[in-house]
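The structure that follows is given in the form of structure tokens.
Should a chain be cited, it is by its letter among A, B, C and D, assigned in written order, with residues numbered from 1 in that chain.
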Amino acid sequence: MKTQPKPGWKSKIHEIIYEADTPAGKFFDVALLIVIAISIILVMLESVSDLNLKFYWHFYIAEWIITIIFTIEYILRVIAIKKPKNYIFSFYGIVDLLSTLPTYLAFIFGGHNLLFAVRALRLLRVFRILKVTRYIGESNRLLLALRNSRPKIIVFLFAVLIICVIMGTVMHLVEGEKGGFDNIPLSIYWAIVTLTTVGFGDIHPVTPLGRFIASFIMIVGYGIIAVPTGIVTSEITRSEKDKIPKNTQACPHCNETKHLDDAEFCHNCGKSLHEH
Amino acid sequence: MKTQPKPGWKSKIHEIIYEADTPAGKFFDVALLIVIAISIILVMLESVSDLNLKFYWHFYIAEWIITIIFTIEYILRVIAIKKPKNYIFSFYGIVDLLSTLPTYLAFIFGGHNLLFAVRALRLLRVFRILKVTRYIGESNRLLLALRNSRPKIIVFLFAVLIICVIMGTVMHLVEGEKGGFDNIPLSIYWAIVTLTTVGFGDIHPVTPLGRFIASFIMIVGYGIIAVPTGIVTSEITRSEKDKIPKNTQACPHCNETKHLDDAEFCHNCGKSLHEH
Amino acid sequence: MKTQPKPGWKSKIHEIIYEADTPAGKFFDVALLIVIAISIILVMLESVSDLNLKFYWHFYIAEWIITIIFTIEYILRVIAIKKPKNYIFSFYGIVDLLSTLPTYLAFIFGGHNLLFAVRALRLLRVFRILKVTRYIGESNRLLLALRNSRPKIIVFLFAVLIICVIMGTVMHLVEGEKGGFDNIPLSIYWAIVTLTTVGFGDIHPVTPLGRFIASFIMIVGYGIIAVPTGIVTSEITRSEKDKIPKNTQACPHCNETKHLDDAEFCHNCGKSLHEH
Amino acid sequence: MKTQPKPGWKSKIHEIIYEADTPAGKFFDVALLIVIAISIILVMLESVSDLNLKFYWHFYIAEWIITIIFTIEYILRVIAIKKPKNYIFSFYGIVDLLSTLPTYLAFIFGGHNLLFAVRALRLLRVFRILKVTRYIGESNRLLLALRNSRPKIIVFLFAVLIICVIMGTVMHLVEGEKGGFDNIPLSIYWAIVTLTTVGFGDIHPVTPLGRFIASFIMIVGYGIIAVPTGIVTSEITRSEKDKIPKNTQACPHCNETKHLDDAEFCHNCGKSLHEH
């Protein structure tokens, strides 16, 4: 809706934060990833009670430094984009906000323990790391192959689930509470553990008939693991030939990505990709 | 044998219940699947003793509602088809009957506990869900690839079984009753658990020689898991080129499906597909 | 060495026992497989101590019936072939002898328990069942693909073993006797259990460093399971095009198999395939 | 830097030790591998405390024999090469030195127990065995396919790790300390154990919600195991066509390998491959 030309520095920040074509943009991405990685490692270590008792104040200070960095980044992201709503209400916008808020709330209201769980949401920022893999052409090819084989894999996993439901029910009726198959949902959980060849061993059949059926489930699981593999392999073999776009530009108006290399206008909102 | 023309409403019910070309037919299929899914979830939850004690009457009433819906559906199915025997004595016909009978029998004779097992047969109705995947062309392709590679996979699984029989016997002789390899069938069960890389851990070798042989079995299992995968992959790659029929019409005379798109007569009984 | 023409009945027995082109030959094969299957099931059930106490005499009598059948078969095999040494000292010849001898020895010397282990060798006769799969063209194709990819798979499994040796030693040094990694061979056993994704759980790391290294091993195992699959798949895809010979004739002189369909003379010893 | 012509016997030793074109060179390689294999088996057996007590002196003497053989080999390697620094500071040079030193140090300073760990480094010499696989063209093809698919597999394993980090955190929040998910690093370890379908069973969910999430992780792990397989398979299928060099010559000046069959000069340092 707003059509006034934005000042040059906003356009520059947009280029640095949202794109990765310039050296500054690449540096920002890498630096941000390092901070995210550190923040995640901190959340991990804080969860180890021994370490938390010993280094409580170290964690506390590091926590605040990271929160301030994330706050500055969040404000910059809101300023740099033309339509802030597009960022604020996007998936990443909400995750970025939830990465900073809990520390402030814990400071004001004091409920440190409860807010730890919310702060763990910061982990979702890790997906930004995946975004970097865009630079590696290989990962685009992989994602494409996976996306193309998604309908087939969903059908397959659905069939696996139905097999598990039926087998779980059968095992509940056969084994009863002797081997730990107390109820049908638990037996279905066991069937999934077995069919996927994980096999924890916390629940396992003890009657001869139960073991016979379990053997059958295992051999089926061993046989059909071939299906998703076959699907993805044939997809990857085919995708080897296709060309993959590597453009990282983002529209300064609507934030849409995946533009062609020689695109002058955004394919989503039709505005210029270069004019801010 | 009967050749009198059926009234129009029967032909319409047939189209709705047995086919999925019309909006009403598709709606019926989806609605039925939802009821089946609810009935299955009910059977699952009822098996959890805590929930069964708490919500006994809720389950009881829900049980009766579903039974009545299934009864109506069963009667409609019998009426709508020209030769009811074709449906009644088919796999689905028997499963559909067994989905309703137990509740009535439990009401009349009171043996609630015993009939729970029979009611679990209702789970088999879940296969109707698989039938819906017909609409997704992908699943047809998958099924075709699986069907084509079936002879090879059976030969492979047969070889796996023979390896397990031999290895199980060897482990029984080597480990004896120390590691839980009490008898040959149990040892074969362990060999299947190991070769398929499930590995529950309820039985495991304890002697050095037993562990050496177990290592051998595991490495063999790790090596030959490649075989079914190779089979299915080469099958899927090949099937990518083939055309898949999507026709869902069912003959009103003999209930045969899989007709060509422009078929006028049933390829099974030779009667018209449109005239009822 | 002997060149006198054999009488007709020997030639006929040879055709029935060693080949499978005639109805009688096929019937003999199937009947033999059923007897072998029964004898294997008997050995299995006998190992279950409960059943052995209950049905001791049933097992004893069945045991003798099978032994006598196998003895007759063994004598016929020796008579029917021109150079009995070729059969007697072949792998199957020795297995066939060991399938009958233990019962006689147990009868004469009384050492029933000890000879049970020897009788379990009878299991090796099960390989004859695999021979039947020759009739299924699919299994030939599979075997061919496996044989062609054998050098690659051996190289791969060798590399896996070396990884397991190194990882096992590392885990022994890191975990010591805390997690059950008492010595290097045991730790290597654990590394094989883990890398092949079997995961019994009888031995598992308990120190943070040990768990970190274990995570690494697991991810490596998950990543390289792709290698044998890739090898076999590319082999099977290639072998799809090749023609597979289905001839089951065996030379009456040297017992060589795999003759071409229009072969008149044995490609091994040069004698006629038809003249006995 | 040194350019004086080396005497003939050095050039001969170089050919025997570093190359494998001559019968003597091949014999040296095989003999060395056998000694390495024996030394590794010795380290393994020594770690079994029962055996170490019983055969202490046997191990002690064997230890010294192997150390002396390795010392002679090390000295020959240093002498035979023109620029010893190239060998001494290479990976193999350091490993070779560390394979002999500990025994001498233990003899001088007496710290036998401590140096056992260092001697286990001798295991790294096992990589020389892998070098032998160069003779098998297949292994070159495999390595090439693996090297080509490395970027894709790294991206994939990276994605797997991120899934494990997120899932581990979720399980820690859901299960808490009930099922053993004491802290986030431990929960991530569990997520890796589960996603890779290893499933030790030392930690496993006990709450219904935890089991539901675990089922989800297992099915995801079962579905995405297809990805590395697909990558490697398409790589191997492609590599089948390529030609693989089998030349084993090593440059006497800079020790570079992988020369073309008709190469006269080293492609790395430009000096003659034949003149020493």
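By our rule, a contact is a pair of C-beta atoms (placed from the backbone, for glycine too) under 8 Å apart; a residue touches a chain by one contact, two chains touch by 3 or more.
Chain labels with UniProt names: A, B, C, D = Voltage-gated potassium channel.
The model shown is predicted, which means the values in this text are computed figures rather than measured ones.
Colleague: Per the definition at the top, count C-beta pairs in contact and tell me whether A-B or A-C has more.
Modeller: The greater number of contacts lies at A-B.
Colleague: Once subunit A is fitted to subunit D on CA atoms, what angle does the rotation have, in steps of 5 degrees?
Modeller: Result for this pair is 90 degrees.
Colleague: Taking each chain's centre as the mean of its Cα atoms, which chain lies farthest from subunit A?
Modeller: That would be chain C.
Colleague: Suppose each chain is reduced to the average of its Cα coordinates; what separation in Å results between subunit A and subunit B?
Modeller: Here subunit A and subunit B have centroids separated by 34 Å.
Colleague: Roughly how far is subunit A from subunit C, centre to centre by C-alpha average, rounded to an integer in Å?
Modeller: 47
Colleague: If a residue has to touch 2 or more other chains to count, which residues of subunit A qualify?
Modeller: In subunit A, residues 156, 185, 188, 197-201, 225, 229-231, 233, 237 touch at least two other chains, as defined above.
Colleague: For the complex, give me every residue of subunit C touching subunit B.
Modeller: Residue positions touching the partner: 40, 43-45, 47-49, 117, 120, 123-124, 126-127, 129-130, 133, 136, 138-139, 141-142, 145-146, 153, 156-157, 160-161, 185-186, 188-189, 192-193, 195-202, 225, 228-237, 240.
Colleague: Provide the residue numbers of subunit C that touch subunit A in the complex, in ascending order.
Modeller: Listed in rising order, the residues are 197-201, 229, 233.
Colleague: Quick one: in the complex, what on subunit A touches subunit B?
Modeller: Residues of subunit A touching subunit B: 151-152, 155-156, 158-159, 162, 165-166, 169, 172-173, 182-185, 188, 194, 197-201, 204, 208, 211-212, 214-215, 218-219, 221-227, 229-231, 233-234, 237-238.
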